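Structures given as structure tokens follow.
Below are two complexes that have chain A in common, paired first with chain B and then with chain C.
Let's turn to the complex of A and B:
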């Protein structure tokens, strides 16, 4: 029997109840870890899918202050800018406050191009032809069952009133945020607003010819409006989106901490099991040492036991992860927090690595004790 | 009954296992309690912001002050409403403008949305001065761009310090005072002169108006009159209820996420306790059978194992609660979803949370001890004594 086979037998076959409970414990901990990492990844996903050749221009005072639509022409003339579009955050309520999703009023002809929007159903022509129509992201359409031709009622909050939009297309884009958003015509919004709120836009999105020229273009745009009534703040789309995260950075930090805590719990469960197993085998260890195995063999044996339990527990957790993630995503969505909790191979690999490492680390203390044992004491001791 | 000292001794005999199990239970209790404390902290902060004897007037359907408009005319009309209390011949009403300005974080850098509240001189002195108390410096002079900042804002953003100034919207907002407001959301705001703020941000209207009711019973009358007035599209709400509602999304988010995590973790910790207790039973087969042979009943053995598991859970609960209560000293600044601005919250420790966490721990202990206890109680006496382990 080789040392590795001994490790496998010790880890899995000696005390089946305990092995089962330990694996289950590790699996649950791994599941919690995957869950938390997935929530974190979902948090960052929005900024990661931003395009590097897009800049966002908004009012320097803050995001809630608008800019005059007339800025569009002046921004277009900045060298390096290939296209300019704009959008207003609409912030309407669909039936109930819990049904939260993003809605923007856009300048349709330019926005469809700048955001690389593809039509899954319906057509660009139909959307452009009808001012009272809207397009909805694919995921959003799935979530609420929106179909072509449906009328979506929205209760305006930023823009008070009852608004109704007819679905002219189901869309998607490389930018993952598009799939969960509703877009409609800015012109429709503008014509209904009172005079003092007309011709204002929330932000401009600017496409640049060469992403490496962005710093120069950013400077040029902001210089253009310096000391005007509405000064601008221009930044890359990525940094624009990241600022929503920094607002919630304390929550992100808390989730990070909690995901570390779950690893500690996993280590405690594994360490406990390994310590028990090794203590029960003290005399066996003594016998091994007596017939010539060295302390490092004993240590290696304990380590591999820990790693094996961690790895297999982690694997079991991964098998459970997918359905659990989908179910939790649904539960969160019905509580009003639409997060896309997808099962990511990278997260799974990270978890397996973490579980195996934790298993090895957890066995460090019991392994040291076992390796240090005097042969004679070990042989004499009866548990 | 088998005496408790028997359990205590048997725990002490396997210190490493017992400590690992109690630590795992303690960590779960800690996470569970911390989440509850945070959600409660969010609610307490916002609840403290409103008062039940006040009513707030907002645009109909507005979910936050940010999306609400209230014209100067409407402010005048409803300040004169019979439901509004009077003080020295003036109505106790505070029309306010709420805007978000993006400031630079002082230490870590990066932008943050900070709420600026424009108040009028009368509104401040008659209504707000009761909750907002200056702790350093002086009050801003009316009709200037002087501002006072909440305690939680101080030092957090560039320029937000007594004697310095915040450059924003092409003005220098000179900080002349620092105030506290009983731990409420106001402490995360910057307060300026309403007219100055309106000019700087090209506004013509207020966002909301808060009024003191001459008696709580007047609320219904005011609500009806505000709702019925065809000139303005406004509604009146009890101020504390309005603020409480605006804590909803964030508090719910923390609770949903927190409970999901706690349940996951609890499952793991229960398994940990089970492993330990199975081992305790397996290691004491002969002992337990001897107890049975001496005349102790099955249910005494069952209870004894459960008690041992409970002792571990209670140690864990105590450690977890202790660790969590230390968090009360920690504060937490994050974006409040509904007001779109950064607010400072505290972890709010309350007896209710300690009780919930302890019940949670005891449940984990019971679940963990149940199966091993059943095994111990079912051991066949004769074979066990003979065969040993």
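Let's turn to the complex of A and C:
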């Protein structure tokens, strides 16, 4: 017999129905928490996978305003810059508007290197050799069943017309956004455009030799084009990608608040159960104290019970969360939602830690009350 | 039910002490206990002077509110007097801090409650082992003492049962085993038969009397039942906070 064994039995065996309902309540709260955190993590995943040594150069007026492709050579000459590539957002429709996925026209030879793209199927050479070809991210290929040699028809929106691209490769990269994107040759796009839209790019991506030198390089690039017809705004890739979240900042903030509220609900469920449980056995606590146990033993028992209920409720929530998240992720993917949901061990670990901590915190007040009770008063409670 | 001192391996000194002239194990001098309730002072103990000899079996009797449980609790070190002194087992316990008194209780007091106060989630053996968790005894020694204590109260065959499966009398015997397992100096019992039928009560009282007679344990018992008090060697009566 040990005090920890007593805590385990108090937590789980004393009132099995109440324990079951408490664990269920904590499990549902943990499920909601992990779900919300997963959505947030997915939201930020795109910006988190940005490389620290990459900068993005765009038109200072707006992202929708292009820059001349000729800027590439001047940017390349800025000290600290090792590579420059560029891309245009294409925004085509695959069969139906609901089939949303990102498409970019890229300068293939440089982009493949700057974004560290690896070929899972097909080859770099095949892609570079055929201007009408494209490469698709692994997840995108799985989602729509794209295979090597398939022709993907896209209805141009930003660039009107019927565009067709032959799949020359299935690709992946450390940058998670690559997995859900289609890339094709910028040269193919450029040659089809009317004269007034030719030789313009949406943004340059610049690789720097030393990420710590980024502020200096950013300043140097923007100084280079200051007072020109198309001034630039240069920033880190992470900062660039985070801009896309700012439009959704209210939703993200709401999710953050709701996930915190879920923790408070969890604390209330646990606190209520623990307070009831401890109150019911006040006289037992009194007996323990009469035997010679100290207030800290009583507190330790209560904290342990809270932590155990939080931990096991959280574990039950994680068991429920895995299939729920995977199913939801699939449903969102098939509906064309651009965020990839999945069971993330890091989020699960965070939830378990949060549930255990909340359990301990929730028990703090009833534990304090029980520990401070005078022995005589505690024993008298049962009379 | 009761075995020898040698088997208990904890009380030969107790027997030896019993053969010597009895010294007072409890010495209370001018003990007062005053409660304040709704702005009024309620005098529960009003200048008690008491000597309880070592190895004695004493019954404190009196009507409800006479202060007998308060006196017992002060002797057991779970309550403090408002004034006066109380020396138990050579220690002026009213001078000890709460932590020191808890440690002192663990060493010297075996408490038997009216409603047993056993942990329903623990077996009889685990309940008995509880006070030993405060000691540094190895697991094997703890187990030996638990088995012996349960044997002393005649419940060795029920050691793996939980309190719910035991009768009231058996639960109180488990509580007595818990009270004696750490070999305390004094056993204090607050209405130990108050929740029992006559037969179970007699078994419990007989057990306390035997612990006193054979192991030399000092027993101080609060009761309002004259039949129960009859098992004690000395009966004392409290009326309105005074020993009469």
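One rule holds for everything that comes next: the second predicted complex is superposed on the first by the 369 of 383 C-alpha atoms of A that agree within 3 Å, B and C clash if a C-alpha of one lies under 4 Å from a C-alpha of the other, contacts with A are read in each partner's own complex, and residues count from 1 in each chain.
In this section, a residue touches a chain if its C-beta (ideal position, glycine included) is under 8 Å from a C-beta of that chain, and two chains touch if they have at least 3 such contacts.
Nothing here was measured: the structure is a model prediction, and the numbers come from that model.
Judged by the touch definition given at the top, the superposed model places A:61 against chain B, while chain C stays out of reach. Residue by residue along chain A, chain B and chain C are tallied for touches, and B comes out ahead. Legend: residue contacts after superposition of the two complexes on their common chain; A:145 is shown touching neither chain B nor chain C. After overlaying the two complexes on the shared chain, residue contacts for A:14 are found with chain C alone; chain B is out of touch. Looking at the shared chain after the overlay, A:271 reaches chain B, while chain C stays out of its contact range.
Of the two partner chains, chain C is the only one touched by A:6; chain B is not.
In the superposition on chain A, A:286 makes contact with chain C only, while chain B stays out of contact range. Of the two partner chains, neither chain B nor chain C is touched by A:345. When the two complexes are overlaid on their common chain A, residue A:91 makes contact with chain B while staying clear of chain C. Contacts of chain A with chain B, set against its contacts with chain C after fitting on chain A, overlap at residues 383. Those residues of chain A that touch chain C in the shared complex are 1-3, 6, 9-10, 13-14, 283-284, 286-295, 375-376, 379, 382-383.
The touching residues of chain A, counted against chain B in their complex, run 17-18, 21-22, 24-25, 28-29, 31-32, 35-36, 39, 60-65, 91, 93, 97, 155, 157-158, 160, 196, 227, 229, 231, 233, 243-244, 246-251, 254-255, 258, 261-262, 264-266, 268-269, 271-273, 275-276, 328, 331-332, 335-337, 365, 383. Residue ranges of chain B in contact with chain A, taken from their complex: 16-17, 20-21, 23-24, 27-28, 30-31, 38, 59-63, 66-67, 99-102, 110-113, 168-170, 201-202, 204, 233, 249, 252-254, 256-257, 260-261, 264-265, 267-269, 271-272, 274-276, 278-279, 283, 332-335, 340, 342, 389. Interface residues of chain C, counted against chain A in their complex, comprise 73, 76, 78-79, 98-99, 102-103, 105-107, 109, 111, 113-115, 117, 119-122, 126, 129-131, 133-134, 142, 178.
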